[in-house]
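You will see two complexes here that share chain A, one where it goes with chain B and one where it goes with chain C.
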Partner chain A sequence: METHCLKRPTRRQFLSSVAFTILAGSAAPVMARSISGSLPWEARSADPPVQVKPGGWLFFTPEEAQTMEAVADRLVPADELSLGGKDAGCVLYLDRQLVGSYGTSSRLYTKGPFMPGLATQGYQAPDTPAQRYRSGIAALNAFTRETKGGKRFAELAPADQDAVLTDLEAGKITLPNKVDAKSFFNLMLANVMEGFFADPIYGGNKDMASWKMLGFPGARYDYRDHVSKHNQPYPLPPVSIAGSMEWMTR
Partner chain B sequence: MSKILFSLTLAATTFSAGLALAQAPDQADEIIRGRYQAILGDCAACHTAPGAKPLSGGLPLETPFGQIIPPNITPDKASGIGNWTEADFRSALKTGIGHDGKRLYPAMPYPAYTRMTDRDIGNLWSYLRTVDPVFNPVESNQLPFPFNIRLSMMGWNMLNFAPGEFRPDPSKSAEWNRGAYIVQGPGHCGTCHSPKTVLGADETSEALQGGSLQGWYAPNITGNSYIGIGSWSEDEIVQYLKTGTNGHTIASGPMAEAIQASTSLMADEDVKAIATYLKSTEGGPAQKPQPIPASDARMKVGAAIYHDTCSACHGGDGKGASQLFPALAGSSIVQQPSSETLTRLVLQGSQAVHTPQAKTTPSMPSLGWKLSDEQVAAVLTYVRNSWGNAAPSVGASDIGAQR
Partner chain C sequence: MTTILPRKDVVIVGLGWTGAILAHELTEDGLDVVAIERGPWRDTATDFNIGYAQDELRYGIRRDLFLQPAVEAMTMRNNTSQTALPMRDYGSFLPGNGVGGAGVHWNGHTWRFWDSDFQIADHLRDRYGAARIQELQLQNWGVTGAEMEKSFDRFEYLAGISGKAGNINGQIQEGGNPFEDPRSRDYPLPPLQMTYAPTLFAEVTKSLNLHPFPTPAANLSKDYINPLGIAMGQCTMCGFCERFGCANYSKSSAQTTILPVLMKKKNFEVRTESEVLHVDLDVSKKHARGVTYVNTSGEEFFQPADMVLLCAYGLHNVRLMMLSGIGQIYDPNTGEGTVGRNYCYQTNAGAQVFFDDKNFNPFVAAGALGQTVDDFNGDAFDHGPLDFVGGAGINCIPSNGRPIQTRPTPPGTPRWGSDWKKATVKSYKSTLGFSSQGSSYPTRGNYLDLDPTYTDRFGRPLLRFTFDFPDNDIRMSNWVSDRMEDIAKAFGGRQYTNTRRKKGWDSVPYQSTHNTGGAIMGTDPKTSAVNKYLQSWDVANVFVIGASAFAHNAGKNPTGTVGALAFHAADAIRQQYLRNPGQPLVSA
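So, the complex of A and B:
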């Protein structure tokens, strides 16, 4: 989920980080370890993702959740191909991500300097995703209240919602509190897509709906038995990290 | 013989270089032969804890009766066997009665070592005197009452123990006899591979037909071609014992340790003799049962789990990938009467043996976090009854007991 691009280090930064590593290395020799014989290994070792269970919001307020469900349903509308973003669990997915390391950027470098970057360098400002959703949703609803007869985003008709989202994406709207409309739209789009296509274990992609739609086989990693079978559909149903209906013993 | 002249390491080369100055060549030979006996007998497997000085005491052994800790057998006078005489040592290996009449528990495999020749035991003793003495007191006896009473071993020995040296069978070849000697004597293969009586003794009438130990199952290694090693050629047995892998399987757990510390270091002709002997032994069911049909509900669930979870490594056809992922099709380990090893592998994972010829040490991931007891039972039932395999189904309660 951490999609921020790291800035390319300059030569000087590189040199100083080497010096740092050497210092740290001599202070704590455990950092460098040579391994001979078998690779290190431990029985029962696994770092499995925890299955997200629906029920209550951990990050969003009910109003925020409602807003995001409306957004998700416009970005992934229910149609003959699949269910919509809301029913697929995209907001559940997002809610749980925002209380985890993604929401707090706890695995990213977050100390400045903060300078405008190139488009290819991704998001460069100090706010964490959690802060961006908090301020972004508030700004979006303030904007629609102001311009759409006092209605919150979720209360608009689907066609009006589409119009607002289209303008957000194009940067035609100026949101209050200095929220960057375009950048907030891109954040929502990326996260809703993740929720829709990621493994159901993370809360979205209910019943592997998006994988069934695409014919994506899921969490598998070996196709030796099928590489030579040209122009034949892959026969096995998709499978989640947590298994599938076919695994049900009763 | 002075210990100062003789503070030797396990490395025979450094040893023989230094030795030439100090000792007569015949004694050097004796010690080198004794060191080889310690490899055949794999004394270090139990008597050396990981990372500790050689033979200075091991990790606790779990027995059905409680814990026993293999003691310090370095020549340290205070905490090892420095005060023992050669006669004490001989008696310990031959009768299970050590220094001062101490009755040993058969967790020390004297019921196998009793088959060793006097010469081999003598050589082993000469070698043990040269090991670095280490001060490390160990209280072996951690058993609960009444098993903690050493005298109870008197009764045990009367019931379960037939002392006596190996008797060659003159109708068989010298190679066969050498193999039988190593397997039954110093190699103590039956300590793991023979089923146990309720008293914890080897079930001699079912020698090498498979036994449970500390959460692993040491499989049938007789010449039985259904669940033994009958379908392996002698060369494949040799390759397994020398390197830990052959086209069929990759050794794990206690056998990986036995291969690393013992069989891979044995002389080629000795390993070949073992193969000749094992191929000639018989035991276990002659007939393969009918496999559970693929239409069975457990088999269907098992098939789905297998193809989603295991086939990436072991192949859709169960044939594995030689040296890297063992074949499950036709595997005798997969078809043993007990599914203990299989359950353990799936729940805990396992790292393959490491020998100079097999350095990759591929590992099987632990899958206990993602599969329920019912699911593990179903997938194991499936692998035990697919691709020509046939073996009893596995129940969910067997899995729960091993979690």
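So, the complex of A and C:
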């Protein structure tokens, strides 16, 4: 299962128009090309996102998924404003991200030497997000097993989970295997929020729950009718790239 | 093995704003022009598809349209006592990639720098004395505001800028920016219709006797046909501008203003997915023979040409000069060398006002839809009693309500849990933000060079930043933040924040993709890399066009001045250089 972020075959492989000539003979996945004499255009050459389909974990083990669902449900708890992070699909979102280019850092600069840096220099460790989740979740569960009566994180009561997360965030916990507690917490927080607020096509934000909660109309494209209506609520419900619930049930 | 290709009159490196302008201008003279572009071909109908352009995760967070660090990263440190390390992901600034360059995914603020910028060293020395600017490496650009006016005008009409003139031929215009230099005519389009937040900002700042005016915008307030005959559509205020391509032909870019005409010309060709490795010089090192590039199949080509125009992002222009041996690399210890000199950035700060009774509908937005106050920008005010030079524009330009990134909450709000959620929902629509965009002035110790350790995928050294905010700029920003505090209080909201700029440039949080300098223009080949026409002092058939030429950065977005410099250079090439090719336009 690939998301759009993976290196993918694109329309750029398919050179059909007479306006293109391939520079020398080559067989690489993305070809250089020469364009002259007209604006190139090809049918069906757009590159739409691939919708995440639920069902099975592609990255997480069942235990890891359970841990992350518990984390997501504390970061984004179910309450009168919205459903919780687990039911919103934040972990499904994360699972699919971690098997794509995000998980493997394939877009980032990953050449050594790796040296500890200053805060202003950003993340400098060699571990990819996929590796950080693998080791981070294991470390988190090892920590709770040792300090919370043999229980995994997901088995703790919500209040105890909150206490552990609060200490992770503050860097008050030392996790085993040199996992940096604060940095791992920030990674989980950023990714869960992405899943909660991104377009539902990526697996989270189920039924546009977060957008309804905020009043964000989503992938709409024309607000000209509302520009001058200062201080007045926007009347229409959100739409996703995949459409809206209303359209589907009509 | 390198394949040698047939000669061209002109080879252009990079097909963004400047490359497209230069290609259009030079092909009008019948020259045979090829542009070599590292990234892919991109056009509106296919790549900025209206069915899925509004995708914050893909374009805003994963940055699908941007340069990826795997392709080219850069290293950074705050000063020479530190070891530079690679920015493994871009954060503080986000360079573009592909046809259209960063002009595809900009917000569209389109400013003119002032005469007091172009002649900044003379201007400030005359007004405040030499001692005031001795900690800075301020230099004149070699041009005047009057000289640049025609080029600004051409760029604004090419791009269909929406705005309100403040000064037409010396006559101050009600509702425009009274501090701007005289312009020959009004903007091609009227200002955008204002949303609620900037409307309120204008009321409040007026009540403080300031002079708010509509921010000049490359988001079109009306349908427009530009001087090349290319039609653009009215902006629909979708709130997906910066980091996104415009699906609506409403944001000015090479795609919407030049390429439909340029691509039809028989004497123009673009080669995409092809990265220029260096400019090839002859043995004298004073003449360029062409460029060597490699395509995505790893095949190497030599493209001979009579002229080489570096039109990549400013930072890439600087690195290409260094990798090619064009000019001498700047040394901060001796002050010698010019390539890498006077790197500047932007000195920004922000304020937020939280209300209980307002709904700003933050998602109804365009990248440059807002109001600006220039009373404290540049040298618009008397710095006599102050301890700094420079200034900042104060902008209320709420560009989006995209919820992964735009979720203001009051200070003290937790970052997760039920209380976080309540505060987020309460603040999402009812918070007004405004910010200062401050000038960035050069110092001897802020510069670019080549990293001694880290290399790109071809083994070439990465560009290295040595940069921190100069003390002058921190004092400036703090003083402007005091003015912002007055404005924030005057809104009468429930509470406000006023976040100040501090020393220690941090490469992680996004700040601004306004990286300037490194191949600056000027009057003296000892202190500038290119002359007033952006021609290399060292290699006369090379022109280096972009914000790399800025001798300092003003409290303004650079693109308007970049576009004007492109026309300025194109005119010099067409009217002067081509009569006597290979010769310097200014004698050293």
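Criterion: the second predicted complex is superposed on the first by the 201 of 250 C-alpha atoms of A that agree within 3 Å, B and C clash if a C-alpha of one lies under 4 Å from a C-alpha of the other, contacts with A are read in each partner's own complex, and residues count from 1 in each chain.
Keep in mind that, in the parts below, a contact is a pair of C-beta atoms (placed from the backbone, for glycine too) under 8 Å apart; a residue touches a chain by one contact, two chains touch by 3 or more.
It should be emphasised that the depicted structure is a prediction, and the values quoted were computed from it without experimental measurement.
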| item | value |
| --- | --- |
| Touching partner for A:241 - first (chain B), second (chain C), both, neither | both |
| First, second, both or neither for A:193, with chain B first and chain C second | second |
| First, second, both or neither for A:46, with chain B first and chain C second | both |
| Which of chain B and chain C A:216 touches, first, second, both or neither | second |
| Partner chain(s) touched by A:55 [first = chain B, second = chain C, both, neither] | neither |
| Greater residue coverage of chain A in the superposed arrangement, chain B or chain C | C |
| First, second, both or neither for A:149, with chain B first and chain C second | neither |
| Partner chain in contact with A:224 - chain B first, chain C second, else both or neither | both |
| First, second, both or neither for A:38, with chain B first and chain C second | both |
| Overlap of chain C and chain B interfaces on chain A (superposed complexes) | 37-39, 41, 45-46, 48, 219-222, 224, 241 |
| List of chain B residues in touch with chain A within their complex | 298, 300-301, 304-305, 307-308, 311-313, 315-317, 347-351, 354, 361, 363, 365-370, 372, 374-375, 378 |
| Residue ranges of chain C touching chain A (in the complex, touch as defined) | 3, 40-41, 43, 45-47, 49-58, 61-62, 64, 68-70, 73, 76-78, 82-83, 85-89, 91, 193-196, 199, 234, 236-239, 247-248, 259-260, 263-266, 268-274, 295-299, 301, 358-361, 363-364, 401-404, 407, 415-418, 421-422, 424-425, 428-429, 453-455, 504-508 |
| Chain A to chain C touching residues, read off their complex | 4-5, 10-12, 23-24, 26-42, 45-49, 74-77, 79, 81-82, 101-102, 105-111, 113, 115, 117-124, 162, 165, 169, 189, 193-194, 197-199, 202, 210-211, 213-224, 226-228, 230-234, 241 |
| Contacting residues of chain A [partner chain B, same complex] | 37-39, 41, 43-46, 48, 219-222, 224-225, 236, 239, 241-244, 246-250 |
